[in-house]
Amino acid sequence: MKKFLFKRAISSAISLTLLIVAVFFLSRLTGDPTDLYLPIDASQEARDNFRAVHGLDRPLIVQFGNYVWDILHLDFGDSIRRARPALEVVLEAFKWTLQLALITMTLVSVAAITLGSLAAFNVGGFFDRVATFFSLIGAAAPDFWVAIVAIVFFSLTLGWVPTSGTGTAAHWVLPIAVLFIRPFGLILQVVRGSMITALSSAYVKTARAKGVTPKKQIFVHALRNAMLPVITVIGDQAAALLNGAVVIETIFGFPGVGKLMIDSILQRDFSVILAAIMVTAIAIFIMNILIDLAYAVLDPRIRY
Amino acid sequence: QENDVVIALNEELETVEPCMASQSNIGRVILQNISETLTELNTDDGSLMPRLAESWEDQGEGTWRFNLRQGVVFSDGSSFDSADVAHSITRTLSPDLTCEIGAKFFGGMTLTATPVDDNTIEITSDPAQPILPLLMSTLTIVPSETAMEFTREPVGTGPYEMTEWNVGQDIILTRRDDYWGEQPEVAKATYLFRTDDAVRAAMVPAGEADIVPLISQIDATNEATDFAYPNSETTYLRVDSNIAPLDDIRIRQALNMAVDRAAFLGTLVPEAATLATHMTVPTALGADVDLGVPEYNLEEAQRLVEEARADGVPVDTEILLVGRLGNFPNVTEVMEALQQMLSETGLNIKLEMVEVAEWIKYYSKPFAAGDQPALVAAMHDNNRGDPVFSMYFKYACDGLQSGICDEELDGLIADATAQTGDERGDAWRAVFQKAHDLYADVFLFHMVGFSRVSERLDFTPSIATNSELQLSQIKIK
Amino acid sequence: MTQASTPVTTPPERSAFQTWLRLLWADKLAFFATLFLLFVLACAIFGPILMEDIATKQNLRGRNAAPFDLSQGFMLILGGDQLGRPLLARLIVAAQNTVAVAAGAVVMAMLIGSALGLIAGYSRGRMAELIPRLADVIMSFPSLLLAVIVLYMLDPSVGNIILVLAITRIPIYLRTTRAEVLEVRERMFVQAATVMGAPTPRIIFRHILPMILPTLLTIATLDFSFVMLAESSLSFLGIGIQPPEITWGLMVAQGRPYLTSAWWLSFWPGLAIILTTLSLNLLSNWMRVALDPQQRWRLEIGGRKNG
Amino acid sequence: MAEPLLEVRNLSVTFHTARGPVQAVRNVSWQVAPGEVLAILGESGSGKSVSASAVMDLIDCPPGEITSGQIIYRGKDLLTMDADERREINGKRIAMIFQDPLSHLNPVYSVGWQIEEALTTHGTARSQAKAKTLELMEKVGIPNPAASAVKYPHQFSGGQRQRLMIAMALALRPDVLIADEPTTALDVTVQAQILSLLEELQHETGMALLIITHDLGVVAEIADRVVVMNAGEIVEQGTAAEVYANPQHEYTKRLIGAAPGQGEMHENPPKTDPILRLENVSKKYGEFTALGGVNFDLCEGETLAIVGESGSGKSTTARVLLRLEEPSGGRAMYNGRDLFTLSPRELFEMRRDIQMVFQDPTQSLNPRMTVYQIISEAWVIHPEILPKTRWRDRVSELLEQVGLQAEHAHRNPHQFSGGQRQRIAIARALALEPRVIVCDEAVSALDVQVQAQVIDLLDRLKDEFGLSYIFIAHDLPVVRDFADRVIVMQKGEIVEQGPVRQIFENPRETYTQNLLAASLDPDPEVQAQRRAERLARTA
């Protein structure tokens, strides 16, 4: 266990380094922020000056050296656009994203696992068909459709919740509801499929022979056996949310990391891109370690 | 609160630095609300009004003297004097700061500010600028203590000060008691940021916002709240006149005739937009409303192309039609329609929609299209009243975005730039005329924007709303 | 030797194809899903040849024509788009790019991802440690940045878009496969195969993969819609497929501003995406049952009842 | 006779399969009274387990279907009862010991938890349940209960798992206990211990016991009455002694005639060169030493039986030998090479030669393959054995040799009975035509008749092709009939080895002597006598 964590920490750190190196060089192949930052009619002089100020005129390898040097001093550089430390900008946004991801994934997991298991209990039954149908439609519908229709209906027509923004708990309702739908559909299907197999195994019969209630047969005996693919997919969906839900953030004016990342990419604000990747990557790496630990906890036959 | 307004902007403010106020999203919050300028452009008639400078006179040799308003205090309590102006100029033009205002309006010139006394200052430009007072309408004044780095707490002489900035969420401006001018009605303004057009528009009926400066044409359906106003943007296709077959004037004429401009109005482009004949807005100096819009005539266009073909012009060369995503509402559809219209002349037009970073490479020299003839769709914004901000870049041989190189045109531009007074207008008119005769571009529209204003307010957006939103002009019903 | 269990009736031998067809017919939803998918496939293959001209014919003055109005000809039954082009024809033509991109990306991601996952899960050597880290890296690499990088350096052709989308989808297959392999490889029948001398590929493909495939298919079918919509957001940022090329995703995205004024612009392509995804999923659910001997009776019985 | 506690009337069960319905149970009726022991004997695949499952409401409907009949418990028909009532009965009133313990234990929960659950489900407090669990585990002979309770099923030996199942079923002292082959994986001493435990319980609570078995010795030892099933029908019933002494039905006669342990023992094993030599092989699971230095030779054409108490490391020896587990030490010389150091390439060659029949047949068959695919896989892997055109015929031939039918080739493993699955596993091992087969309890789930048939087959193959067997078994009569040499294991060590006659007639070690003494005789009369003697001794 300790050995596993140690090994994982090392290999994750190496991955992170590789990731940063790759992003550093690759992102710089996509162009120069100068043209995007300065007005279109800016003189060559102003451009050269801008490059010099932001160190963009130096050879790439020197820039990289400086970057590494700064990072070692815990300085992630300044955002060109925002003229602020990039890490500060990213953490501000990540705070929102993290909350959104945690709340959403918790709700999704609970709902999808419960309903998916119930659907699997009576395959082809009414509940199964209804759950499958609606979850699939939700999962396949374009998210902005759902978002806009929800705003028009719940905010404009009914006036129950604010259209967008942050501030009160009510502001969270729609973004979470819309974010909920796709992972819910996907996870429900994975749970359902995995549970169909688990529910037909012999050990569930043993449970039945013991007089265990159907509820426990499903959620205690079969579910744990069916959980491996489920937590994997939950992890994948959570990672997607941690990387930022761009559409939702855009529509609901949610100051998360997804929109920040997109803007920074489009503006070639490299320090912010790198800081954002670093922060989300660490979050995702930690999550994956937890998931791998969960495998071993869920299934004692898996040992690392 | 009765006297509070909520304004939903389409983009988050990345900084609140006054010297970046020429960026429209920053300008809408800061310009004339927090930071004021020496002069102010009256967008209705193109005249120049006093603001922090009460008057100004040309001293000759590129030097202008400005007499500053007295009794003005900054929101941090310090009083306004000529040292502040001098510092603001240095700061805005400083190479260390790369301010947008400096790069955009003061590129290629050196300004020297010499305070004469506390309330008088002389500003000299090299080379001489006949329109220096107009340029000063862009330069935001900050106190002389302001550090030489981007500030996060803007201080200005305007009627409001920034009291809160929750990054990503909102910015709050509160009315100052010690403003030198008339007390505005609005006491507090909250700025929210919503990128999505439909959501932004919905915020007014939902009661979450009072003013939404930019809504999409499609959402502008409520006459009581939605206002259309010219937004000083002009759309056009820049033609690479140096590359065959576009170097043939018949081809350029054919392109101009092939566009059924009227068909766009009220469909993809708002009804209220007007057909463009030249690069600047109709209220700018020298604007010639009498220039004719090339008439839509497909047969004639086809004939011209055939004629050129007969003369050995390589009309079958693939011509790139480059559009920029998100440039203006419906841009993709407009470009698709243009591609079809232009193709009907018999030319070989290929549409390419690109992201802004790539588009700039097509638009500014050296052109990314290289040897391939290209038509680059662009939208030009000149709300400063004088064509000088446009014409050199767009038409001179060395102009950064110029697709044409014509000696006579170059001469006309140089002449107009140096003129002052009434002759200046005439000189510009000649430039417009020449560009028109050369079919240097395919002009499309002077665009309009839409804003939604809650019925509770008495406020009519105007052309100025594009770059600033003066809270003091908002009245409460 | 006595007869322990006698089949009461011995139905005549049927060809494998007939058997599968019967199993398919037993699940009516899956049957119609298959028909729909075949129809989409036909559109993808023949659509552009047959409809290209109709689909690109603009009519600015007749834009956003409302649906269900036959007075303007059958082609406008689903309405017209922003440029007055018939939506029906555009949907049919767009099927080609859409299917190419979605199927290409999903299939590629699934093949590569599950192959890597199998190696990572089955091998106990260095690969078991390295490959999951690769997934970590891809997972934390913003897909948009990847798209910008790849499509900046290469041009935004269908192939490159498939490449980008496929790469970003690899981790889910990789990780799911790996997790399942970790468990399945411990089962006794895998050991039995080992004892018989089954080479590793056989153990992986014949014994382990079939146990995992249903889960992978479930994910893959739902990924279809995801990839279609992701592709459209790339287009929107200028790094995906660009007009005048069309895909359903792009149509949905372009219709977005009209959601409240001309809903049909994005509704039909959205519906096409939903129906395709739904059909694929119904089919994969059917396959899960049909391929699992312990579940197959569900179809066999149903088939008898209905047949 | 007392009022019956559980009565099955005219029960018929049909399974739907792709090739039409299969009638697994036809018109079966039997009953048990309190305190009574009813044994169901019968051919493997004759519907014994299915009828028991019907009582427990464990038949999946569909694909299974109870087409007729009633199951009456204390005057109430279980088949018409609602689910809640039914649940109250399951586990508490009627409990079942499953035939195949590995698949019936939940792999992801500790065994202690699973036993506890049987108690808590029916209202025992958790703390009490914990103590009770340890007590039960102790009773069924699991070493070190406290430490074992937190282990998972895969960490136990086959016999230990079976005992855990038994503990689970006994937890609530049910009125009726259905024991489906409860002792197939148990060595005779433990078997005796378990049987007396059951008896004890019967005395205490008046429990009715329905025992499904093929072991005539067990029947003789504890059954009051016997029901004989064949092909889904009851062909004969009566008291144990009656049926043994005076079988009426043709099938019963054959069955009793096939009881092992009556034939000639193999004489003077042919002393050939050893083809396999284990030197000091050891295996540790963490701290626990499962094997502590095992040495033995296997000669060509020899049958080497390994007997010994449950959990003594028999299966571990086999698994290590086949490199399914990496050994902790030692060498295994085969053809002059150490099996433990072979490269994957060389291992592949060796795999053809040494085959194994696993102790848990269900788990060792891929559920997604048909029997045809399972058996012919051998030839896919080693194509030189048989040309593809002959596969179909050869599969049919093998199936018939192990007592199945050619048409079974299209079924999937879950459609078979426990014994049938075991035979599929044997057929698979034979398909490869190996030189050594390791049989881990390979015939333990078979009725004596099929058992005899399979053993005959193995014997014949040995003579024809010079096969060698390592035959792990606890069923001493079978060992006696089949083995040339015997190894006795205890606690991971070999305590005695020698020719079969020597071990059976002159056992040196007390452990071996005890083992032999605990062996059961199929004749109820003999068994009754032995019991009386034993009781007298203990009294």
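In order of appearance the chains are A, B, C and D, and numbering begins at 1 in each one.
Keep this in mind: a contact is a pair of C-beta atoms (placed from the backbone, for glycine too) under 8 Å apart; a residue touches a chain by one contact, two chains touch by 3 or more.
Quick caveat, the model's predicted, so the values are computed rather than measured.
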Contact-richer chain pair (by C-beta pairs counted) among A-C and C-D: A-C
Intercentroid distance (Cα basis), chain C paired with chain A, Å: 22
Distance between the centres, which are taken as Cα means, of chain D and chain C, whole angstrom: 46
Centre distance in Å when chain A and chain B are each reduced to the mean of their C-alpha atoms: 39
Inter-chain centre distance, chain A versus chain D - centres from mean C-alpha coordinates, in Å: 50
Junction residues of chain C, two or more chains touched: 152, 186, 237, 259-260, 292, 294, 298
In chain B, residues with contacts to at least two other chains: 198, 355-356, 358
Where chain A touches two or more other chains at once, by residue number: 30-31, 148, 152, 200, 266, 299, 301
Chain pairs in mutual contact under the definition given at the outset: A-B, A-C, A-D, B-C, C-D
Residue numbers on chain B that touch chain C, as the complex places them: 197-198, 216, 218-219, 221, 260, 263-264, 267-268, 325, 329-330, 332-333, 335-337, 339-340, 351-356, 358
For the chain C and chain D complex, residues of the former touching the latter: 1-11, 19, 186-189, 191-199, 202, 206-207, 210-211, 291-294, 296-298, 300-301, 304
Chain A residues within the chain B interface of the complex: 30-31, 35-43, 45-46, 49-50, 53, 79, 81-84, 89, 92-93, 96, 148, 151-152, 155-156, 159, 162-167, 250-253, 255, 259, 266, 268
Touching residues (chain side chain C, partner chain B) in the complex: 56, 58, 60-61, 63, 82-83, 152, 236-239, 242-244, 254, 257-261
Chain A contact footprint on chain D (complex, rising order): 53, 56-58, 60, 83, 87-92, 95-96, 98, 100, 103-110, 114, 117-118, 121-122, 152, 154, 168, 362
